[in-house]
Each structure stands twice: as structure tokens, then as C-alpha cells.
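Each of the two complexes below includes subunit A, the first together with subunit B, the second together with subunit C.
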Partner chain A sequence: MADETTAAVENVSVTIDGMELSVPAGTRLLDACAQAGVDVPHYCYHPGLSAPAQCRMCLVEVEKSPKLVPACVGTVAKDMVVHTESEAALKAREGVLEFYLVNHPLDCPVCDQSGECKLQDYVAAEGPAMGRSKEPKRVLGRDDFGGDVLFYADRCVMCTRCVRFMREVAQDERLTVVQRGHRAVIDTFFDEGLTGNLWADNIVDICPVGALVSKDFLHKARAWDLDRTPSICPNCTQGCNVRLETRDNQVMRIKPRPNPEVNAHWMCDFGRLNYQWINRVDRIEAPLVRDGSGRHVPMSWSEALMRLADALRGQTGGAAAVVSPFAANEDVGALRRVMEAVGGGGGVFRCEQGEEVTLPGFPELALRTDRAANVAGAELFGFSRAGGADGKGGLEGVAGHAGVLFVLGDELADAAADFGANASLFVYVGQHLSPAARNAHFVLPSTTFAEMEGTFTNVQRRVQRFWPALRAPGMSRPAWQILGVLLAGIGDAGAPGTAADAFAGLAAVRPEFGMLAWGDLGAQGAALPEAVGQAGD
Partner chain B sequence: MAANVVVMKRPVRKSSYIRASLKGMALTFRHMRQSAGDRSEVTIQYPEQKKQLSPRWRGTHVMETHEDGRPKCVACGLCPTICPANCIKLVPGEDDQGNRYPIVYEIDEFRCIFCGMCQEVCPVEAIHVGTHYENAEYTRNEFVYDLDRLMKQRHPSTLLWDPADPAGE
Partner chain C sequence: MAYPYRHDSEVRLLSEHFGNPRARTLEGWVELGGYRALRKALGMDRAEVVNVVKASGLRGRGGAGFPTGMKWSFMPKKEPGKPHFLVCNADESEPGTFKDRELMRWTPHALIEGCLIGAYAINAEHAYIYVRGEFFEAAQIMARAIEEAYAAGYIGKNILGSGIDLDITLHIGAGAYICGEETGLLNSLEGRRGEPRVKPPYPAIAGAFRYPTAVNNVESLIAAAQIVENGAEWYRQWGTEKSTGTKLFCVSGHVKRPGNYEVPLGFNFREFIYDVCGGTPGGKAIKAVIPGGSSVPILTADELDIGMDYESMAAAGTMLGCGSVIVMDEGTNVVKQVRRMVDFYAHESCGQCTPCREGTAWSAKILKRIELGRGTPDDLDTLLDISDKMTGKTICVLSDAAAAPIVSSIEKFRGDYLALMEAGDLALAGAR
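Coming up: the complex of A and B.
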């Protein structure tokens, strides 16, 4: 089979800027150039959209072709010789750029795109040194497109990526080009504009200039001030690959990262704008242990974990647990192993739910019903769903539990004030000290996903890594580290030193994870194999 | 080892300090006599009288304002980016006319090294370093100049280079 498919597409040899390479026939010239290490400037072309070849920025010279060829629609042919930096190509692109600047306001100092703007980049690289236009610039001002999108008409280069995104991918045609020629401008059809479309903010990402900007991010940070960390969107089970863009230890915005298996180039506005909870500052900063008089005493990690291990050692009566569906696989798996070491037991997780909304142009991507990243992981490690669609309730079974009680990550904001009061040992591993969490004998501060390394399992059973983007507050540690050290204290397991160690430890509970090597996950994740001959628990 | 030490014999005429001391005192006396009347060459009557500063002098900052009193700053963020001492704090925002402006603009003049790069990089000629050196305050905190303080500074701003010698030769 593999031979047939490779035979169907013949490789041809092409020369790009003097570099000879062999690519499949029919490859887009722009992609072939990228393979040769040449970044051909372009505005209208986007890998997730159709290519109308209207921006005229990707013109390259092809030998024996009478005119310059737009690299975004031209395809390679046998023995083609391409010059992207020839005199004719450079002259053409410089001319195009000069036209783009005729009406561009050059307001880079106040433009949010400044620093990541393609017009800025290309003009700096190969644009004219001086403008020759003496006429006054056209001034259109700014328009509210509804939703999270603001439109600065003067900055627009009319690439129509936004119009094509709404037509082809969101399949909800709300934008169009009105007027012709130099009067042409992007506009909405109706007064509501983009309001109500869940995917509208993607047009802010694909806008190559500062014409479409996010209201949420307006004037908030400069592009060059942001630190970008690859991560996974925590706000639903889809697990969109994202970048957390941070400054001063705060998440400033979330941007999608391409992954053809999960989210292509897109993500929804719900996930994108729902990041304020990551920046919450009311965090537990030190391990707290309840002393004889009932007061919580801050302690060092070694002291707190030693006392907890002493309390847990010899327990065989099993445990009850509440876990958060925002906790990583490593966290939940480590808790499962600790619970098995004290005699097993069941646990629940609570997850907020909402309506599922699919992206019509890429149906693999949807805002999923479950609005937390690791529901699949929590279920794999034997925790069952409880509570309502608002993510509340469902604690009746564990609130009055008399034995050992673990809470991992769940804030317990809605729990009764006497939650866990009957437990012989109540261990709270989490971020926020709610009234219910104050009943715990041990309060251990853990990090959020944004402050640690780990993996989530998404709705497609795809295991995807995320990386630490923020500094963890105080003494807080990843839960897999807390629970891994605890497990080493009560059992004979070794304490995990890295997230890779913690991930390897998951195989002890779920053998499927053993079939997946940490090194294979990469930046794009890998599908979790089905367990062979293993009855799920 | 004392046997190896050779004590040089010098005539008193050469080794005496009296002659050298008298020579030095004579020079001092000559200068005293010269400046006994007019001392303007060495002393100026500060603070009534002040020295002419170099046009390249770089002192505490000045924020230029529009005629209606708004700061010229558009909060582009270039000065905190270029600042090698990291002494500029800027929080951008939008005013009621939709213009980008600095909600917070603070310069820590203690941390500042007065390199003048903020003035060079400013795209709207808003922030300047001034030709000014009389900086005295009652508390250290007052050396963190906020936007109001920067706009109230009245001293002239520096030219960064001498117009008579632009290449600095």
C-alpha cells in the first residue's frame, strides 16, 4: 500500500535559489521554497485557507516563465528553476509593498500587532526605503466588529484571510469586502457583526497586520515582551494545542499552535478568553499541617510529607477521593497509586458542562461538552463523574467519608462547611484554601497546569504534553511530585524526579501508558493505544 | 645581613627639605596674591550664578505635553524595552477618545543611568532627558517620577549631541 501511494506522486527535481531539491510533483511553490529554507513573503495565503493569489506579495521568478509566478498557487514542475531574490522579483515585491504603504497609517507605536506584523517585517526586509506618495492618506478609522474583534480599517492590506476564514472554515459568512479598488474595505453584513460566532477570534490570529485586533488584548502588552510557552488549552476536552503568552508571571493571552490531528490552526473563543483563572493570586504557598489544637502550621515539605507518610503507613482500609478534571495524567495517576497503596477505593471528579459547538470547516475540532482538559485522564484512572452540569454538587458520597479522604485540585468552593470533618485523615492537595479545604489535616500546595510539566489525555485519547509557563507561587509543587514522594515514603516505589519519571509510573496503573514513551509525545502528542487483554476498571 | 647595607652619604645641601618647602610655599603665596582681589576664575556664586551646561548634558527626565495638557506619550513601550537599567514602568491604556496613552508611566531616577536612549527611541518625541542637575528630595520615593511629575518638569531638554560637534569628536 505504501508503495502505491508513493508511486502515485512522482518526485521532481527543482532548483530554488541555487539549491537543488526533490519534492513531490504538484507541491505548492511556497512550500517547496520553505523546504529550501526560503521564506517567501505572503499575505493572502494561509495553509488553512484557499489561495486566491491576490496579495501579489509572493511573486517569484521562474525561468522560462514569461511573467512572475505567485508562489502560493504555482506548483513545482520537473526541472523548474526558481529565483525568489532575483532583481525582477525583488522589484515587483518592493512595488507591491509601496502600494500597501500608500494608505497605511504607519501607526506602529500604537498598534497591537507591532513586533509580529508581516507588513512591518516585509517592509523592513525588502520594502522601499522612502515613500514617494505625497497625497494625503485615506482615513477610515476603527470599527467594532462585535465579539472580541476590533477592526482598524486603515491598517488593512485586503488579504481577505478573515473573509475566507468565515466563509470556508467557520462557514458562517459574516464578513465581506465592500466597494472596489482603493475604496475596498472589510465590513460586516449586519449590526451584530461577529457577535455570537464562537470562532471569530481566529481572524485576529490570521490577520497578517494589525487590522483585526482582540479587544481583550488591546494595549495590554507588546508582542516582544511576551514569553511564549507551548501548552494545551485547559478549557475543554478537545485539548487544542496552544501557546501561553505570558508577561510578569501572568498569562496575557492564549494563541493556537498548529496540530493537524487536533485543532489544525484554530481554537475557539471560549478557550482563548477563559484564562483569568490561571492568573488567580489567592494561592496556598506552603504545606500546612493541622496540629493538636486544630491550627494549621506551615511546615517544610520534608517534614509535612514525613508526617503524612507516617499517618498513611499501615492504612489498608482504602480511601475516597475527589479529583479535579484539570489535573494532569501524572497527578491523577500518582493519586491512584497512593490510593492503591492504602487499599484502593473509589473517587469522583466534577466537571462543568456546556453545549458542544463544532467548527464546520474542520469537524474534528469542537468546543466539547466537558469544559475541563483531562476528563478522559480522570476516567482512565478510575474516577467517576459526579455532580451537575455546573460542576457543582455530587460530593454527598465523600463529604462524610470516615476513612482516608484525598482531594486533588478541586477547590471545593460549593462544599458544605463540614466537608471531610468525619474523615480519619483528610489530605487536600490543591491551589486555593476554601472553607471546606480548611478541614483538611494536611493542606499541600500544588501547581496549576501552567506552572508544571505534564500531560493531558484529550477526548480522542490523545496524550499531549504541556510545559511550565509561569513561576509557581511559594513552595507549591506539581501534584505528581508531592504524591510521588509520598508514595515513595509509604511504599517501595522510587520518587519521580521529572515529569518523564512520573509519566513512566503511570504504566503501573494503566498498562496503555507503558506502550507510550515520553520521548514519543513530542510537541504534538500521541494517541494512547488501547490496552490489550485488559479489562478497564 | 646588616653588613650589606650601604648608607649613602649625601651633602646636607641636597638632603634638606627646607629649601623645597620654601619653594612650595613661595608658589602658594604667589597664587594667594594673584587671587586676592578677583576670584571669578575659580569660584562662581552658586546658586545665584550657575555654570553653563554642555548641550549634551543628560539629567532628569521631562515629558512633553500637547497644548491641551495631555502627555505626548502614546505608550508604545519602546523606552522600557530599550532602557538598559530597566527603570521605566509603563502600563498602556485607552483614553475616552480612543487614543492609546500611558495609564502609569514611572521613571526611577535613582536606577536611571542617564544614557538618553529613551529619548532617542521615542517615536513621538515625548520623553526627554533634561539639562538639569539639582535633584534633592526629602524621601527616596520621590525620585520615582510619575507621569504628573514628568509633565511638570520645566527645565529644557537635552540635545543629546553638541550641534557644533555632532560626531562627538
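Coming up: the complex of A and C.
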């Protein structure tokens, strides 16, 4: 496919701000400028939407063209000479910026967009030092658009990205421009506004100013106080590429990160607003080992893991496990290796399910039925689905297991009080000390995905990395590290020092992981090849 | 009712039947020689029709003055499954313009004939007439005429036994100036917001419903029909080399006999105002004249010795536009008139492009303040700078249209602005 399109298009030479470069004929001027390292200011253009060329912010001078050309719809032609910072271009853009400020409330100190606002940025970069308007400003006020979205009409620059997103991508026209001229304003069609549309918060992301803001994030943090960490949305098997935006060791919001293979520029509201669980503070902070009197005693990792290794060496009854579908590939893979070292055994995972909702304008993206990120990973490492669509039940097979019982990440909130009571050895690796977890002989605090490095395998079998965004509480560690050290203690494997080591170890259980190099995953992941010649798979 | 005013200097080709109610009916129209042009056109090759209009030098009468035959020749070759459309722009809304309204009121069949010939020429099977929403009477008359013409076989299947099917649909706008801009009109026709489109693609490539479309003014289509009937040379006997034929001029403001007058292009402007229109009531001196509709630069009384044609007007720094002459006598508050025009453009801006949406409204506010005596000289610099940033920077030319009277009035009537500033709060007392 790539060959067909590239073969037909001829490369042409263009000069942008004095830099000569060769790009395919017909390339969008804005993209060609970006290739030349020039960021042409723009509001209405967005790579995921149609280009109406109406903000007039991206006007650039093209030699031999009678008028300034909007770079968002202009295309390059042979020997074109473009000046993005000529006097005429700068004057036109300065004009647009001053026009925006005629009625803009300049309420940056209380605006959530402040610090990541394109109006602020461009006015600072090339706007007039002082506005000349002496007239009273138009005041429109604030409107609740429904869903998670608040509309501050006075901040709006009428770029219509939001209207076009709802029309073209969500394909659920709930927004429109009403009135015309300077009375034009964005409004909803119906009383319910955006309520009920799963994708509405994307308009908050693409709003270049503070006109559309998230109710959830309202006045919660300043943009410049946030740390941004590339990650993967944990809330369904789609694996949308995201940034976790954190402050004071808490996730404040989740924003999509573009990935043309997975989520384009978008993500669903379910995924982005479902982050409170990551911020839970009722965490296990130290390894707890049951002593002779049945009490849990906190101890050091080396002591706890030494005792656990000793305890495992005597076990012959086979293993059983409950794993969480939120656990990383490296975590479930390491557990599988530990289980094999003590005689093997089956295991289950439980996953909440819901209705699948596809994004019509980018149907590769959907809120998937399984509402956890690593169902594919859990299955690849031999764990099978149990329980209901509410993510509960299904523990009958393991609750009374008489051999070694592992629990990885599953809180067991719904488990019976005597869960694991028959187990010869019950090891709980997780975050929350639920009543069932208290039955464990060893309680080992592990990190959430947000506090560690690792990978998830999404519904397309794409393996994608995430990075630590939060400090792990107390002594908690990634499960792959806990189980990797344990494995070194009971077998002859070396303990993994890094997530890359842990990832390399996955090939011992699933050879197809050996065909993927850690270094090739990058920030956007890579498809997991099908295993070759693996019998009975 | 007899048509209000006539003058011997007129050459009445388009307006011959103004005031004659017989011309409104199909029967009367045929008696007066109607539909002969259509019969002749249907016997010609389509390209021949285009060529004769091209040869006549007829230029679009909607304001831009683009040659009509040339526009038709830009239509691509007909491809199967890809309809062509003719759209008649009858959304006459430029302040001061009322010629298309009269053409439709008095000679609806002339427009139907023009549409049919135009549609035939560009190989369209469907023509739309987009009538301004406020033209209630004109729309009713057009609707009645279209019905008559359908019944008599001039429109519909196999018209006049030619084997050609042509339909005409009357579409009534909802009252927006911007829908007179051809791509705004097309969006409105399609049921979208009346917002001009980014060009290219031009309507000839992607017009109504994204199919090849020619958009022509009412007056252009009626003139084209007459040209087809009488020949290119016949038409060229009037007017100048580059501005051929006759044109309807709509005169309003301070003249004794306001109304529609049809004169050959190139007619002397001063003679037109003083002789044809009778000069100002009470013989007051003329202060300013807008020659082509509110969106063209203003002329002073000293600048009237020019020809009423596209080239002479351009040489005088203004435009012929759609031929809407607004005359203002010495008692006129120019600032107030400009403010009212800019208010109009601010009201009618579609709001897509930032310079237009914000620039028109901001300029109107400044002008209002000056009108009330609260302006300062630096406001004029601001206005000129805003106008510069509104000109040539937007998708359509509404923004340019709003800026033109501001710039020309400040250039030519700066004293009027400064006088209001000096009068301060007393400006109100002198305002009218």
C-alpha cells in the first residue's frame, strides 16, 4: 500500500524560511513547515479533523501568490518559496491575535488552560504588546454542555474544532455554531447536551484555549505543576496511548497521546475519568509474613523472600493462582515461571465487562468489552477467564486449593472469609489488604502500573510500554521484581534488574516475545508476532 | 401601475417591460416575443451558446464582473453519473441594490428563459433559483411563472419537443447577506450554514452538492438570453470595448428620481446623476456617492466625471459592483452612514474568519463611539490598521467589503470624523 501511494507522488523541492527541503508534491504547507522545523501558529486546523481554514492564524507568505496563504489548506508545489515570518505574514497573524483579544476576558489566572493555551502561547510569541480596544467587552458567561464538559463562551476563539469532532469523529452532532458574525457561539442542540456521548471529553483536549474544560479537572491543578508521563490507559483492552498527568504523587487527569495504530488522537471518557483507583492510599507498604502465632509481621524484602523461597522448596502439591488483568506482561510472566518451578498449575483472572462502544470516525478505536488493559497478556501466560461480567465470583476452583496458592494483584474484595484457608502456602502479591488477603502466609506489596515500568498486550496483540508516573508507596515493588528475585532464590535464573530484563525473561514461557526486542517497542509499542511452530497452541 | 421613472437616455433591453403586468404572464410574455431565445438556443450546439455569450463580452452583473461565457466554459466535460447544476443567484442583498427584484417582479419568464438557456449551455439538467428570503412578492411571482412554464412544457421533460429534460427549482433563502456569496449560497442551498467555502475547488469543479455548478446573477442570465437571440455583435453595439452592453443601475439616496435605470456601460456618471436621476432634491450640493453598492469605496462630488463601466470605476479607485448608486448630499453625516454600513456587515458576517467576525464588530463599535463624539484621532489610525488586517485575509470578501467604506471615508472625509471628535458631547446635537 505504501508503495502505491509513494510511487505516484513526485518529490518537489521547496524553500521554507530559507531552508530547502524535498517533500512529496501536494504536502500540506503546515506539515512541510513542520518538517523544516517551523511551527506555524494555528487554531482551527487539527490533524484528526477537516481543515476549514477559518481562523486565519496560519497565514504565510508564498512568493508569487497575490494573497497570504493559509498553511493548513495550502499545498506545496515545485520550487515554492515560503516565508512564515515575513512582515506581511507576521502583521496578519498579529492582527488575528489582537482580534481574539478584543473580547477575550483575559482571565488566565483562573483559567484551567493557562500554561497550555495556544492563545497565551501565540500572543506571547507574536502578538501585540498592548491591545488597542477601548470598547466594552462582550460578555456571554458559562454554560454546562453536559457530560464532563463546561463551556466558557468568552474564552472561545470559534475555531469549531469541537463542532467538527462531534460531526466527523464522534459522528453524533450535538454541538453547532448558533447565530453568526460576532454573535456566533458554540451551543448544544438538545437539553442533554453532550451527556451520554462517550467521546465528548476529546473536545476538551482539542480546544486550543480554555473555552471547553473538564468538570473533573476544574481548578484542580495548574498545567505547569503537572508532571506528564507516557503510559497506557489501563481501563480496557484497547490500550489507548495516554499521558498520566500527576501532581503531589496523584494522577490529576489522563490525556490521550497520539498513536495512529491504536487511538489516533482520541480516547474515551470512561478510560480517562476512571483513574481514582490509581490514587488509592489504602496500600500495603511492607512485606508481611505470618509468624508462629498467626500474626502478620512486617519485615525486610530480603528476609521475607528468603523465608518464602524456603517455604516453596518443600511444596509439591502443585500451584493455583488468581491474577489481575491489570498486571503487566512481566508480572504475569514471572508468576508463570515461579508456578512452573513448583510443579505448575492452573490459574484464573477475573475481568469486569461492559458494552463495546466504537468511535465511528476511527473504528479501530473502541471502548472494549473487557475493562482491563492486559487480558491478552494474562491469557498468553496461561491464565483463564473466570467469574462474571461484574469481575466477581469464579474463585471456587482456587479458593479451596490445597497446594501453593498465588494471588497477583486481585484485591479479592468479594472472596469468602476462608479463601485460601486450605492452601499449604498462600502468597498474596498485591496492593490492598482485603480480608481474604489477610489469610495469606506471605503478603507482598506490589506496585500498580502507574508506579512501574512494564508492558501490556492489547486487544490487537500490540505490546506497549508504560513508564512510572508515581512514587510507589512504602516498600512496594513491581511484581516482576518480587517474583523475579524469588525465582532466582528457588531456581537457577538470574534476578531481573530492570523491566527490560523481565521482558526478556518472557520468552522462556512464550517464545514469540523473543521475537520482540525491548528497544523496538519505543513509545508506541509493536505488534506481537504469532508464535512459529509452537505445537498445540 | 406604470413603472415609476423613465428617461430618454436609457437603452431598455432588460427593463423594457418594467411596469407592464402583461409581461408577467406566460401568455403575455410569449406575445411580447418571449421564449424565442430558448427555441433558438435549443437548436444550437451547447458550445455555440457558450461561445456567443463569450463573444458578446457580457460580464457577470452580480458585482464581480467576471465574464459569463468564460465562467460557463470552465465547466468540465459531462461525465455519466455526475450531474451539472445551474444556480441562479437571486439573493440580491447588497445595500442599495434592487434590480434583480424588479427583473423578477416584472419579467419572471425572462429569468426562466435565461436559466433554461444557461442550464442547456453548461449541460445541466437542473437549475436552482435561490431567491432572497425577504423577496416575498418576487418569489411568489417566480413560483407562479415556473408553474405556468412547467404546464406549457417550457420546463420539465422533453422541453419544446427537443428531447432535453430541464428542471427548475425555486429555493427561498432565510435572510442572510452572506448567502449572496456564491459558495455561501451553495451551502445554504444544500441545507448547511450559509458559510462561504474555501476556494479552490471552485463551483465549476465542486459546486452544488459537490457537483460541477455555474452560479450566475439574475441580470446576467436574462442578458445572456437576449444575446443568444440577437447575437454577440448586437450586444456589443452598446457599452465600451471591455464593458459591453447595458446595465441596470439602482439609484437611491438624495436624488429627485430614485429607481432603476438601464444605460449603456460607459455612460457619464455625472450626467447620470444630474440628468437621468434629476440631481438632488432642492438642488443641494452632492457630498459623496457610492457607485456600486455599499461595499465599494466612496467617491466625492469631484470624482463623478467618469464612465459607468468596470474599467473607469476601477481607475477611479472604486468599483462598478452591482450598479447600486447611493447619492448623499451635503447635509449627510458621512460617519453615521459608514457606521450604519459597517453595522450591517458586522450583523451579516458569517463569523467563520477571525478578521471578519471580530474586525467588523470592533470597527462598528469604534465608529459608533466616534459618532457619539467620544472618538480621538488615534481611533482613525486604529480603524485604518484594522481595515488593513481585514482586507485580503479571509475566505470571502465580506471583510474587504466592510473595510472599503471605512478606508475611503477616512481618506476622503477625515474632516467629518475630526469635527465629531472636536464637538465632543455636542456631536449628538448635530447628528442626523
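Please note the rule applied: the second predicted complex is superposed on the first by the 525 of 537 C-alpha atoms of A that agree within 3 Å, B and C clash if a C-alpha of one lies under 4 Å from a C-alpha of the other, contacts with A are read in each partner's own complex, and residues count from 1 in each chain.
By our rule, contacts are C-beta pairs under 8 Å (C-beta built on N, C-alpha and C of every residue); 3 or more make two chains touch, one makes a residue touch a chain.
Quick caveat: nothing in here was measured; it's all calculated off a predicted structure.
Overlay on subunit A: subunit B and subunit C fit together in the combined arrangement. Applying the stated contact rule after C-alpha superposition, one finds that A:219 touches subunit B and leaves subunit C untouched.
In the superposition on chain A, A:350 contacts neither subunit B nor subunit C.
In the superposition on chain A, contact is made by A:109 with subunit B only, not with subunit C. Draw one line from the C-alpha centre of subunit A to that of subunit B and another to that of subunit C; the angle between them is 90°, to the nearest 10. When the two structures are aligned on the shared chain, A:54 is found in touch with subunit C, with no touch to subunit B.
When the shared chain is aligned, subunit B comes close enough to touch A:142, but subunit C does not. Residue contacts after overlaying the shared chain place A:283 against neither subunit B nor subunit C.
Touching more residues of subunit A than its counterpart among subunit B and subunit C is C.
Once the two complexes are overlaid on the shared chain, A:167 sits clear of subunit B and of subunit C alike. In the overlay built on the shared chain, the residue A:371 is in contact with neither subunit B nor subunit C.
Taking every C-alpha atom of subunit B against every C-alpha atom of subunit C, the smallest gap after superposition is 26 Å.
Across the interface of their complex, subunit A is touched by residues 74-78, 81, 92-94, 98-100, 123-124 of subunit B. Residues of subunit A that touch subunit C in their complex: 52-57, 59, 67-68, 70, 73, 91-92, 95-96, 98-100, 102-103, 132-135, 157-158, 177, 179-184.
Across the complex, subunit B is touched by residues 108-110, 114, 142, 218-220, 222, 224-225 of subunit A.
Listing the residues of subunit C that touch subunit A in their complex gives 176, 178, 193-194, 198, 346-355, 357-362, 365-366, 369, 382, 386, 388-390, 392-395.
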